[in-house]
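You will see two complexes here that share chain A, one where it goes with chain B and one where it goes with chain C.
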Partner chain A sequence: MSLRALIAGQWSGLRAAFAASTATLALFVVAAAVWPALNRPANAGPRDTSADELDYASPLELVVSPDGGRLYVLCQQSEEIRVLDANSYAVLKTVHVGRVPRGIALSPAGDRLFVTNTWDDTLSVIDTKALTVTATWPVGAEPSGVVEDRAGKRLYVANRISSDVAVLDAQTGAEEKRLMGGRGTSYLALSPDGNRVYATHVYPNASAHRTAPESEITVMDTTRAVVTDRMPMHGIAGVFHLAFSADGRLGVVAGYHPKNLVPLAHLEHGGAFAYTLTLFGADVGKPVEVPLDELDRYASQPFGVVINADKSRIFVTIGGSENVVAIDAQRLLAFLRTHPRPASGSYAQDLSASSNYVIARIPVGHNPRGLALSRDGRRLFVANRLEDTISVIDTRSNRVASTIALAGPNGTNPIRRGEQTFYTARYSFQGQISCSSCHIDSTFDGLTWDLEPDGFGRDIVDNKMLEGVKGTEPYKWNGGNPNIPTECGPRTEKYFWRSEQYDNLTLADLTVYIRNMPTRPNRWRLPGYELTPAQERGKALFSRAVDKFGKPIEEYNRCSFCHSGPKGTNQKLFDVGTRKPTDNGAMLKAPPLTEIALTAPYLHDGSARTLEEIWTVYNPEDKHGRTNDLTKDELNDLIEYLRTR
Partner chain B sequence: MMKLDSKRVWLGVLLAVSTSAWAATTPAAAPPASHKPHAALAGAGTVKVPTPQSLPRFNFENYTTANGLPDNHVFTVLVDGDRVWAGTENGLALYQNHTWKTYTTKDGLAHRAVLSLALDHKTGDLWAGTMGGLSRVSGGRIESYNQLNSGLSNDVVYGVSVEGDNVWVATAAGGCKLDQHTGQWTLYNERNTPMAEIWVYSVSATPEKVYFGVWGSGILELDQKTGRWDKYDDPDGETEMVLFKDQGLIHEIVTSVSFVDNILWAATYFGDSRYDGRYWHNFLKKDSGLPSNFTNTVKGIDANRAWFGTDKGLAYYDGVNWAVYRPSLKDGKPEMTVRDAQGKVTPVAVTTAPAHNYVLGIDLQGSDIWVATAKGLSHGIRQKP
Partner chain C sequence: MRFAAGFPGIAGLLLGFSALCGPVSAAAQTPFSDIVVTAAPVYEPLAALRGQERFPKGAQLLLVHQGKPEPLVAGFAATADANVSIDGRSVLFAGKQAANDPWQIWELTFADHSLRRLIASSADAIRPFYLPAGRLVYAQRTASGFQVVAAGKSATSALAAIDAAAGATVLPLTYVQGSAIPADVLLDGRILFESNFPLGSEAGNHLTPEMFLVYSDGSGVESYRCDHGAPRWGGHQLASGDVVFTHGASLARFTSPLAHEAPVAAPHGEFGGAIAETAGGDWLVSARAGAGTHYALKVWKPGTAAMQTVLAQAGLDLVEPVVVAPRTRPHQHPTALHDWSYANMMALDARLSRAGDLKVLPASVRLETLDAQGHAVVTGTAPVEPDGSFFVKTPADKPIRFSLLDQKGAVVRQEHGWFWIRRGEQRICVGCHTGPERGSENQVPAVLLRTTTPADLTGVNPVSSAPNKAAGGN
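After this line comes the complex of A and B, so read on.
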């Protein structure tokens, strides 16, 4: 019996047990026996290809060939490009690429297709005539968006982890330079005149504690390949695709506008997010933010955006709401002309605004992401990531004309169902939020939140990474939730959703998904996991039992005690001297160290903007480990080691 | 550790003098053997010796708070094409399209006092060393690093230099390097280099060599290929005596280093030095055209030419002759003097001079020069002969 069949069999029994019993505790004891088989090794070793998750295609992005004859579909989970006939939708060929691809772009001539591979840190170059990979070039950490300049001279690649844009020789792949982007640089677009490349980023830039998030659109000049401008996006955290009208006078970018500075108390009283478009360019003058939400129907998690050729329509995929918003672009511009513009440049909080320009919300499949128009503009292709389908929308009727099923497994497994639950906003009041609103692409959001259960203005918490969360219970910073089902079930339902509860089976699937989130490769480790000299020195400091004066360090005050084990936590609560006046208590669970280099800010309330500040600012009494005897270079060594975790 | 012992240096000086094509000049003015007129000054097939008449003349336009500068105390200046950055005691100023714009701590600058500047020519980003950390200015956004929020060794950043993907920093607590790709900070101090003092005033980095000028500890050289450190000290120790003029670095208190065309130019508070990897040649007020031994900054143009910022004016050395530009020490009137190879000093009639004699920073804009002084920023517009 294959592992997949074994898991499927066990899970069938488990679901039956769920359905028959309300004994949740017993249920998860049984489930615990199954999960280890599903789980992958931490820290991105070779993927366990025996697990059935690989069978899913998970279409994330798509592009149409210049002649309109082909549809190239980036399938993230099966790690391939499916090449479809854009008219018959027959699969012409499947081209395998690197690990966990994310970005796709055609050269202006259409002869080359570029695909970024986020786990390999590479770029695959596909010859579109032969439909074969002709080159694989190294790029930065977690490459995402990619675009070639009009002259075919340079390639621009957005690197999410290194938060920069790599500039490559488009013919050889040699890296010329890296330009600083916003934090989590991810999506790129070339202006219609070819003179500029625009970049967005999914995490907010660093700013002072408990201030509004700040994002930007990074503008690069293609002649010199330098950053010439950064258009500020005040109050926005989580910026995704951007698109231009053919005349170049209108730019549109999709983003989240979190309300994280006020207590996350009642979704019915204003919600946790506004989901918006930011418009810029000659048509609008100064950049302006407009909402996609309606009073009783939110557009949870906009992602892809496209403007049709005559600038009459803007289409936006709404990942959490499982639909596509169709906007009458001219009515939108008329709205901006006729309504007094707020001093902030944002209409985000005006829930009556979108009725002026949103003309349809078109239901599609699970977690719609990338989208592309056919050359004649009559069909809109939408990649439904968690359904393995492509919706084909008739842009005249704004209805789904057909659905292309990508080859995949029959039915869904617990992980897939759990992931669908993670990404859908259907459970929350008015469809406002889902897990992925704050855990962008299943990671984190770089924000701190004021959650209601602890009291208004009390217990500000930093949002954490979920990768590797299995086996690190209890959860919450105060350790208040003993396991993931409690964390994701009653807590979420009561304090977040304010609406529909999960049934037991849905909660079990969600739990399985979260427990099985793979951990991405650690970029600070050398191949073979050996340590650099600085990391070795840092490891010794991490493990030391005696300070520099020869005095023994109490066990509870050693880094390696609280942050023990493969995930860097002994799962116990400690007072490390970081309690703030707004905190209800001082005892905090030792957080795991998994991918800690990525997850600024730090400490339970996000008050430390960098790893350094944990000790240079917030450890005056040496309660958060004995560190005040360290020199600056020794502290640097310790941090170099922590980055390898 | 000295690079060369006294005996070898002395022999080198003898050889230099005896084999020099400059033997006809006075010993004080004769450059060492490695000195050759810059290629730009050489005619086809013949060596063209610079003449006093070829020394540049400028019409200085001065900027102060009266015409847009945020502060008259200007520590440093940097030219980026048609833009000019000035680091002042009260903000970072940008001159563009005949207008000054000032960046302050409200914009994210690490500190109001900007001591040093460096341009990343690949990315166009500007790096600013301040009294409160290191700032990167990129496309209008300022990101700052200090000793609390990053691995930077100290908040007082006297010098900064960009080489490849690395940013090299001179601070009051040693030198350091930021690898922009990995984010790793590497610190250089008395624990891992021959640095006796950690008050690092200046850094000049290339892919091959990195030089740190240390206040009270000479010059440190890092060979980037081998990882080996060398240290250059004043053979006369920390005294202010000069027993043998060209036997090594002129003094331990090094304020500025500039490595160009494989030549190291060094400024100290007690004279200046030129080092070609084998021979030293030192410059003192008494035997060169320097207006003062107290030198704040040096900017090497190539192997033979350099600009010096002293407490008594701006000086230029073309490999043979010297020129000094300043308000007169007697009456403050604009003054330019030329010193030829024979040591003859001749005044040149001028109507303008740099804003002040205390020169802290120098950069070039084509044939023009920008000069940071203690009382204003000066733009020297090159005049045709």
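After this line comes the complex of A and C, so read on.
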């Protein structure tokens, strides 16, 4: 019996014991002790590919070869491309790629397959004849989407963390330039005529405090490799895949339309989110947003989009609802022609609109993500990320014709079950939201929310990153929740889901998943965790006990006091002078500094758009650390250091 | 003895039920589970909404096993309103042990035929349904008609045996003049109930039954759909999520994509009362040829042209069938009510309405409630902000009604009926009767930029300056 199986057996026993008791806290302690042995650490080296250590496949994206004979499946957790015969679904070969791959694209000729690797910031180039990796090129921070231009001259790679698009020489991988995208630039599509690349981004761009989020579609000209347009997407935060009709007249992009500015008192009538498509192109004129939701059923977290060849159908994967929405594209266009267009350009608030164009909601597996049509358009392949399966949908009947099981571990372990719970919307009222609605890809959403229990309009809170959250209790900005089971159990059930409660085992699994969420590599750290001179200077400022005028800084007013320890928090509450008139209290928990460079806006209510604003705008009395003696350069040094945390 | 008559009329009919009528020939091969159905000489389904008796000549529940009916339970003068438990092992029903007793709520376990009285009260208790976590919901007769109530373990020692972790005490869920009767428990955890439209209007000769929703803690009351007008009752949710109901004498449905009801193309006949759905997706319906005839129990495969009779009985209506089988557990709503004696309500844009958006901004909003004599009493007014928003503190657990006023205090628009907000409830409305199809816009309501303290319209206290804050870390 392998170590993994042995520990899994122990875990089963623990679950059984837990089922018979309510010793929740004890379980979490034990789980925390046992689980690390089952999982590679976040910054582990090359993977062990022995059978006993096989990870879940977690298929995220897939593409069909130009001749229709192959299906390339990007398996994120097993970090490989599985090449399947597109008719028999037999595995032809498995090609290992880099760490935590996310994006996949074929060259126009189909002879090369490009795969982005988010954790080692590289691009794998696979020769599709030999099915081997022929090159691995460095790109930007957390590369995601990738496309090659028609001429095979340039590659465009969307970098989520650096929020840009790297333009590479498609033959050598040499980076030519970077084009600024929206925040969290992630998904790319080439227009059918090959003249433009379109980019979307998963986090909203910076905007004024307590105003609607703003996103964009970044349009790049492929001849000159320059940005030519930024199509605004007002009110949308979280934009994912986009697709074009073959004639290039219709573009479609999937997105979230949050209601973060309205007190989250209940979920009825789209109280937390609308989930929408934004249409653009000659067929629709000005961009227009249409809802995927219904009155009693939501399309929680649309992700992948595809339009069939004759523009009769649009298919959208709905990750949280675990289905695929089939849209009659012509009825959709007719709807737009016959219904007066709102001044806002959005029908998102009309929950009956989708009855005009949605023709089926096809149940598939856990967390469907990428999708691709067969060359004849009769089959739709859907990657069920948290089920290790691919649903094959008959596009004439809109039913699942078969399900391809990808090889992987038998059964599910607590982390997988917890992740399924994290991503499914089934617990919330009418399936509107899940943890991942606001923690996109298990991170954050860049938004501030008005939660109901603190009072309408009171205690506006910035949503936080979950990575590294283990060991940073208490939770909530006011420190009101002592542990993750409280934070994710009763609080979430009552004030978010408002419809269903977890059973103890489900909550235990969810807690294990969150506690063991790996922390992505920090891009601001040098190899070996050495510091640059600026970072060294910033570290000294962070730790200093005397200000520039030689006056001692009280211990409680040093950065390093509240933000101490490996995660940058001493887990205590302080009044740092940031209380707003709408806040119920001034005492706030020192937040951890994990990956702080990624998580703007800042402060408890998200009022600081940048790290610098924390001190230049919101620290007039030096209550949030002694900083008013620092120059701009010194603040920059401090920020440089903080980014390494 | 399996059956002891305490109500001679219906009992007499039913004692010879099996021998006299039996099922139709096809019934013995029915492909679905056992069925429990109510048999009654006279069925007046809407009488309860008038506070009257639905089965004035009695009723008895029949268990239809392999097509053969037999009384479900012995020793009762009348039984009705079956609801099978989520695990399919027991059944709730309303029963009268003696003809002059009030209806009470009982539970029968199928395996051993053990019987427990769950609700004992001096007034009628009818139409029970199981809720998750050992609770149940039913209609309790009160001075103002039937009201929907939920009960937990403390309501009765017998109920405690269902689930020791169940909630406590009997909890009123509806607070209206007139009657409210539960019709089903939906998969999303809400309770579908019937009442008069407009909600809270006095029962009269021209009442229009309509279907409404409420959470199992009494919060969130609203119309299921706002295409009001036709009488709608007898709603039952299918596995698909659609709600099928009786519209006049025909069937119709609410379906998630539509803001209005959709007709059901059923075979010719008059339909009455709730339907049931078999595991195979067929519908069990109560149908009759026309007035003057009785409802028979029929099975219909939606989309087909004909129904088949499962059971018919001369002189009896066979209504409100339920299938004896496990079913999907409805969601277990976790109440988020605060420990307050009042409620808060905010409208995002009072100008918005299904009846047509107001072109002119109302100056203020007025709140009324009803006094002990049923007279409307104004509890206060509050300003409407330039974006149409208002935020008010309201009386809880009693009928309330909003009116929008112009600068001169004249009513611009007024709610037709009355609703309530539970104590400790905080509620947001998109507009004033915008209908469930209208979602909220994502913007900070102007009223919250001015103040986060609701205008006190409770009619009791002066405006509070204390922040509206819940205790604890939630």
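Note that the second predicted complex is superposed on the first by the 604 of 645 C-alpha atoms of A that agree within 3 Å, B and C clash if a C-alpha of one lies under 4 Å from a C-alpha of the other, contacts with A are read in each partner's own complex, and residues count from 1 in each chain.
Everything below uses one rule, namely that a residue touches a chain if its C-beta (ideal position, glycine included) is under 8 Å from a C-beta of that chain, and two chains touch if they have at least 3 such contacts.
Just so we're clear, the structure is a prediction, and the values are computed from it rather than from any experiment.
Once the two complexes are overlaid on the shared chain, A:610 sits against chain B while remaining clear of chain C. Put simply, more of the residues of chain A are touched by C, taking chain B and chain C as the two choices.
In the superposed model, A:478 lies in contact with chain C only, and not with chain B. By the touch criterion defined above, A:645 reaches neither chain B nor chain C. In the superposed model, A:265 makes contact with chain C only, not with chain B. In the superposition on chain A, A:490 contacts chain C only, with no contact to chain B. Residues 122-125, 136, 138-141, 143, 147-151, 153-154, 165, 173, 180-182, 184-187, 189, 191-192 of chain B touch chain A in their complex.
Across the complex, chain A is touched by residues 188-189, 220, 222, 241, 256-259, 331-336, 338, 344, 346, 348, 391, 426-428, 430, 434, 436-445, 448-449, 452, 454, 467-470, 472-474 of chain C. On the chain A side of its complex with chain B, the touching residues are 140, 162, 176-180, 205-206, 216, 218-219, 224, 226-230, 524, 534, 609-610, 612-613, 616-617, 631-633, 635-636, 639-640.
Of all residues in chain A, only 210, 212, 235, 257-263, 265-266, 268-271, 274, 291, 293-297, 348-352, 354-355, 358, 429-430, 450, 452-458, 474, 476, 478-482, 486, 490-491, 493-495, 497-501, 582, 584 touch chain C in the complex they form.
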